[in-house]
Each structure stands twice: as C-alpha cells, then as structure tokens.
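In this document, chain identifiers A, B and C correspond to the written order of the chains, with residue numbering beginning at 1 in each.
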Amino acid sequence: MADATLNVPIVPAVRSAGYWQNVGARLVRDKTAMAAAAVLILLTLAAIFAPLIAPMDPLEGRLINRLRPIGTEGHLLGTDELGRDMLSRLIWGGRLSLLMGVTPVVLAFIFGSAIGIIAGYAGGWTNTLIMRTVDVFYAFPSVLLAVALSGALGAGLGNALLSLTVVFIPPIARVAESVTTRLRSSDFIEAARASGAGAFTIVRVHVLGNVLGPIFVYATSLIAVSMILASGLSFLGLGVRPPNPEWGLMLNTLRTAIYVQPWVAALPGAMIFMVSISFNLLSDGLRSAMEVRQ
Amino acid sequence: MLGYSLRRIIYTAPVLLGVSVVCFALVHISPGDPLISILPADASVELQERLRVLYGFDRSLPEQFILWLGRALQGDLGTSIATGRPVTTEVMRAVSNTLMLASVATVIGFVLGCFFGFVAGYFSNSPLDKAASAAAVFGVSVPHYWLGMVLVIIFSAQLGWLPAAGAGPGGSSQWRFDMEHLRYMILPAITMSVIPMGIIARTVRALVAEILAQEFVIGLRARGLSEFGVFMHVVKNAAPTALAVMGVQLGYLLGGSILIETVFSWPGTGMLLNSAIFQRDLPLLQGTILVLAMFFVVLNLLVDILQSALDPRIKR
Amino acid sequence: MSTEKAIMTVRGLRKYFPIKGGILGRTVKNVHAVDGVNLEVFAGETLGVVGESGCGKSTTARLLMHLIEPDEGALYFDGKLVGSPELPLKEYRRQVQMVFQDSYSSLNPRLTIEDNIAFGAKVHGTPAREALERTHDLLNRVGLDPVRFAGRYPHELSGGQRQRVNIARALALRPRVIILDEAVSALDKSVEAQVLNLLADLKEEFGLTYVFISHDLNVVRFVSDRVMVMYLGQVAEIGDSEALYDNPLHPYSRALLSSMPSMDPDNRTMEPALTGDPPNPIDPPSGCRFHTRCPVVSPICGGAEPALTQRAAKHLVACHAHDPDSGYTAPSPKEAAE
C-alpha cells in the first residue's frame, strides 16, 4: 500500500445532488411556501429601499391632517394620530420590525446551537451543568421572560433585542442538545474518533452538517413568535421609542383612535400578522421539505 | 408512577431555586442603584445610608439573596413603591383575575382546538383538513394583542354589543360571576383562546392522523367495529397528550397575559406588570414575575405527573 | 499465520457499565460487560471472537479501539503501552481501525463517499490531493468504480456497497490491524460471501491482521486462524480454529457448537443444546459463570472461578473439569441427563 502507484485522481462522473440541493428543490415545488417567501422578500425589499419608495417622510405630519381614512387623496392608507402618512410609516416600520423580529432568533440560533452542541457532544457533567441552567430559563413562559428582562433593563431597542435573544436561546439550545446527543452515539462519529480525530474536528466535519439543519428549521419556526413578541414589547412601550416607526409601537399609539379611524388603527397589526404567518408557512414548508428521509 | 412523581418533584427543586435566582437578579440587572427606586428623590445622604443598611443593600449579593429568599418563602415579597401596599397582597388579587380569564380562555381554546384537530385529522388532506389547518396556522400566527383590538373595533366600537375594556361595570377590579361581569369577559377570553386553539388543533390533528394510520385501528375496522367505536378509541388514545398540552397552555396564558390584559385593561397580573414597569416599581415587578413563574413550574410538574398517570405507555 | 509475535496484547481488561437508579440517580448496579479479559492477537492472523449476544464481544471491540475507557487493564501494541508517550492514542488509531455492523449509520449521510473515506487520512495530515488519490485507489481495490461511486451519498448505495466503503475507509489510514465488529452480519448471504472474499484478498495484499467478531459460527470458522469463545464478559476458551471446532474443551463451547446445523447427518452431536437465556450480566453467577447452565456442573463450579489455563497445544480453557487439581467431580450420567 505504501508504494501503491498514485494515479491522477479520477474525476467522478456521477456527482449526486447534496442534501441541501434536494431540500431546496422540494421547497421550490411547495406553492404555499413559495408564496410566503415572495411576501417576505417583497416586504424586506420595501423596508430596505424605504427611502426610495415611501411617498412621504414617515416622521413628518401635520396635525390638521390627523386620522384621515384609508383612500384619502395623497394618503392612500390614511394618516395617523399626528397626521403622518400611514403608507410611508408602514414601509419604514418594516425596517425596525423585521430587524427586531429576526435578529434575536439569528443570535439565539448562533449561541443556542453552540451551547446545545457543546452540551450534547461533551455529555456527562458538562451536559448536566449547561442543560440544568438552560432549564431554569425555560421554566419561564417566553412572554413573561421577555417582559421581565426588558422591564428590568429598561426600554430601548438594544435591551429589547437582548431580552428576546435570552428568551430564544434556551429552546434552541434544548433542540441542539437533543439532536447532538442522538447523533453522538452514531457509528460514524465512533468511526471518526477511531480514526484519531479530535473533538473539534469531529464537531466541525461530522456533527455540524447533521445537526444544523434540524436546529435551523426549529429556529425558523421561532421567527413568527419573535415578530409577535418584539412588536409586543414595543406595543408595551418597552422596545422602539417614538417617534420611530415600528409596527408594534404604531399599533399602541393608534389604540386611542379605534373609535375614530378603526381600520387605519388596525393596519400595523395586519403587517405583523402578514409577516408572522408568512414565516410560519415558510417554516412549515422547509420542515416538510427536510423530512423526506435520504 | 410514584417513583417517577417523586423524582420529578425532586428535580423541580433546583429549577425553582434557579427561577428565584433569576427573579432576584432582575432588580440587580436594572440600571442604576437599586436603592434609587425606593428613595424619594430628595433623600438626604444620611437617609440613603440608613435605608441601604435597612434593606440589606450593603451586604454581599449571596447574603442579600438568602435574606430575600427567606422573606419570600414566608410570603413577604416586599412593599410596592407605587402603592405602598405589600406586593403579596397586590399580586394575589391580580392572580385570581388572570387565572379566571386564562382558565376560561384555555377551555374555549381546548374545545375549538380539539374540534378543528379532530376534523383535520379524521379527514386528512381533504378540503376540511385544509380549512382546519388554516385555522390552526391563523391561531399561532396572529398577534393576539392586535386580534383583541380588531375584536374591540368590531364588537364594541362598531356594533356596540360588548364592553371594550375592564373586568366589570364601574371599573370593577374584582371579577365576579354574574351576567354583567361575564359580558366583560367574552372578548378578552376569545382573544386569549386563539393561541391554545392553534396549538391544540395542530397537536390533535397529528395525534389523530397517527392513531388512525396505526394497524390496530385498521384491525378494529376489519373486525367490524362501528365508526363510533373507532372514534372512541381515537379519543381514548389522544386524550392524555391533548390534556397535557392544554395544561401547559394554561401556564403560558397565565404568564403571557400581559399584552391582552393591556389591550382590555383587565385588572390582572399583566396590568400589574405593566404599571410596575412604567412606575419602575421593581419590587412589584420582581414579585409578580416570581409568583407567575412559580405557577408555571408547578403547573408543568402537575401536568407531567398527571400525564404519566393517564398514559400507561409513559414509564419513566 | 506468519509469525507467533503478538501485535496486540490485552491484560486484565475490565469494563462495567453503571446503571443509574433510585430517586437520586445514583449508580445502583453495574453491568459486568467485560470482566478480566486477557488475550494476544498475533501479527498476520485472523482472530475470531464468538459468543451469544450480550457476552461482551462488541464492548471488547470498542475497548480494543479505545472508543470507551476501560475501568481496568492495559493494552499493548507492538509491545508499547497504548496511550503512553511511547505510543500516543492518535498514532495507535492510525495502526488499528474498525469496521462496524451497521453500514449505513457508520457513514456520515451528509458527506460524499470520497469525503467519508478521505476524512481519516486528512486528520493525520495527509494533503487533500493525496488523500483523494488514495481514496480513489482504495475504491478501486474494494471493487467500487470511483468514477461511479466517489461522488455519491451513502443512501444511494446498497448495503454491500456501503460495507465496501467502510472497509475502504478503514484502510485509508494504512492500518496494520482491522477490528471487524459483526461487519458482515447485516448483509445478505451472497453479498456476505463477496465481502468475505474481499477481506481475504485485502489481508493478503496489505499484510493485515484481523480481529473478526461475529455471532455466526460458520463464518468465523471460515475466516479465522484462531477462535476465542466469550461468555458473560469473560474468555471461556481460546485456541486454533480447527482444534477448537473439532474438539471444544469448554462445555459452553461444546453446547454452542452443537447448536450449529451440520451438513453431515452422521456427524450430529449428541450434546444437549443450550437452553434458556444467558444469566443477567448485572448479577453474574459466582464461580464459573457458566455453572448455572452447564450440563456437567460440579459443586466446586459455583465456588471458585476457573482460570484460563493451557490444556493442549495453543489451546486455553477456563473450566474446572479440565483442571485435575480443582476438586472437580464429574456428575453421574443420570444427573447429567436431568
């Protein structure tokens, strides 16, 4: 073997599609999921290019124009309690709302996965210590923990993001721990250890590729919850501060207007609902696209 | 069963301890000197120091924690800064209102959720299933505080059928069982029931579809059991899990009622939290959260034990 | 068998698995999975390991591979203590490799065949290109055309093909010893024969030593130079394959071998077959562990534990019946018949 002639490597004629390629192909065929994705992409683009497409300044309004109904000349979706253009505020509001909804889950995905994978792969006392700590945070209902933390930390975008991240780390860490623990006893992990690889290499090459998928799907299902919670914090006055446009905060300030312009007042909530249901449908589609056993 | 319950109870103790550590820490992660929130704005330095010693803020954190925990175990959660009344009194009054609302909402959610779930699971992949599944997705996706607003717009602002806010006539702060108070409960309870409805519908749908696909059900049909008999079989097998989900959901509603209570000005723990946050009434915030979290943990414990008693397959 | 030089030596290997129980989850009992195993593996031989399920075969394999830490005992490779500065674990694992029973779960489903095989070589610092060349060479040698198979994923292959991949993966580090833990047990009979032939060819080609663990007595006889019989975590008997199969000394080996269907109607054994399940390894019987099921049990057997002692040429057995000084008294035929 040592002096086996080393030929020029043969280029395989058959390159099978990888797992994620197959998942992607199945997901693209899912009409509901694709519709949801289209809505999300559209809203994201609108938020990114808000300065270009919003018809008016979201912060400037004239009190004389306050609470105009939907379909008013020049204000397609009416005006709010300070006479600001609703359409422009809704487009701009997507920036903060999407940012506040998605960021905590992304951060929690990174930290929660890391914590869960370490606990799951290490096992033993490390696992017990980490997971019992996680259990403590898991023992709070998510809304309560978010309100408690941001209530104690004080209002503000940064504190709201921090609180929500802390809320979502425990559930993600739990999922990460359980999939990693299940994977750890697989023969191919044993085989990798038997070939002399260190823990770090095994996690990088063999664990991540197998556990990140399921953790990711779970995390995407949390984005809808996060959207509702994040806007909920602003609704309570714990998140974004006025006059910045954010759907939850807009909903709160317009509450007083439900007897005057009820449907204008309900608009920001409809936006939150639309985003949240789209994320749920996309997440469901991704889950069923991944469930097919390879 | 007994062994499992005992193990589960013992396992809960460190979680409760951890929960109390987090609640204790809430006061200390809030910016600024914890004393500031208690002091009148024009307090002299001398008074400050006296209070610091009195409240034990001059001691080390572990010492403070043990003192605090000791008092909490005796039912003393401190004094509300805003009202000057004991936190325990405030919380207990609010808890009963929230518990009443959350229980009614859970029952509504359970009944609707089971109905939708059964329909969807029984007629899997039919248009009925699609409709029921859509209702479930709606339930878990809708921002409930917004749904509450929409219901108020329709049934209070537009139609004028139901009151928009409060627990009863004349700003009643204590819910009672009479027709007048019941009218006040309808909108918040329906709003609140939407989340457990969605989750229970999803769970029941999956359960029913799974049970129906099992061979013993095919066997039952083959042996000529009536459709009603098969249905009863499905109910018997799905019930433990569905009930467990319901129990957990009640816990979530208890802790997550703040947004809905704010929309409807319902005088429960959510309103209490809301006012505690805005008046920076940290003892009240801390006490309310501690009580709600304890409720949640103990409820989960009971659900687990009950489920293991109901479901013979769980031998843990 | 080329030489009589031991390539692997095992001394006093012991592994108990704790059983947690009670309310506080303390260790209440131990499963005596492997309990005092001594053995030598000679360079160039195939050592077969047989026994009923739960007798500690697979635990022994994992201990030999150092995948689990033994509670007691030492493992020497080429006379050097494994895990000592003289022979670090990583270096040992380049020399000794393992093939598992489940061909699917022993390959990473998210990596292509070539990445699965090349992983070990890369771990040991082989440059990527060289590792790839070696991988394709090995695929050829195990009878899988790299052009067709290198870029595929494990689920696209049949069980036999996957096990060939696993063998190639084990060979990629150019080891000297391969531990085969029920490596052909899950395969169809025809595929099994092909893989066994492949293993024989590779052994010749690369001068390998095999530790071949299987519950299939026929297969073990076919491939092994020597055979070790295990019972409840201990070695009952070890000897040359022919000698052991023709003349088993331990009553357990006799019973085990008599359960083999024989092709020759005149050659049927009259030994009583094994009845019942093996005793629970949590509370193994005292003395000789086989005495609860032994057809020729004597009072001494429940008391003293028999030592593994040489009784014939290169043939060791742990049984009081073969020890004239043990105080063993053979039961009368009537008793034996009961």
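Brief remarks on what is shown
The working rule: a residue touches a chain if its C-beta (ideal position, glycine included) is under 8 Å from a C-beta of that chain, and two chains touch if they have at least 3 such contacts.
Remember, predicted model here, so these are calculated numbers, not experimental data.
In this assembly, the chain whose C-alpha centre lies farthest from chain A is C. Nearest to the overall CA centre, using the mean of each chain's CA atoms, is chain A. With centres taken as mean Cα positions, chain C sits 50 Å from chain A.
One inter-chain figure worth recording: chain B and chain C are separated by 56 Å, centre to centre, where each centre is the mean of the chain's CA atoms. Distance between chain A and chain B, defined via averaged C-alpha coordinates, is recorded as 23 Å. Against chain C, the residues of chain A that register as touching in their complex are 1-2, 4, 6-16, 18-19, 186-188, 190-197, 201, 205-206, 209-210, 294. Interface residues of chain B, counted against chain A in their complex, comprise 14-16, 18-19, 21-23, 26-27, 29-31, 137-138, 140-147, 149-150, 152-153, 157-158, 251-252, 254-256, 258-259, 262-263, 273-274, 276-278, 282, 285, 289, 292-293, 296-297, 300. Here chain C touches chain A in the complex through residues 62, 65, 67, 89-91, 93-94, 97-98, 100-102, 105-112, 114, 116, 119-120, 123-124, 129-130, 132-134, 136-137, 146-153, 155-156, 166, 169, 171, 173-174, 205-206, going by the rule given at the top. Against chain B, in their complex, chain A makes its touches with residues 132-133, 135-137, 139-144, 147-149, 151-154, 224, 227-228, 231-232, 235-238, 251, 255, 258-259, 262-263, 265-266, 268-270, 272-273, 276-277, 280-281, 284.
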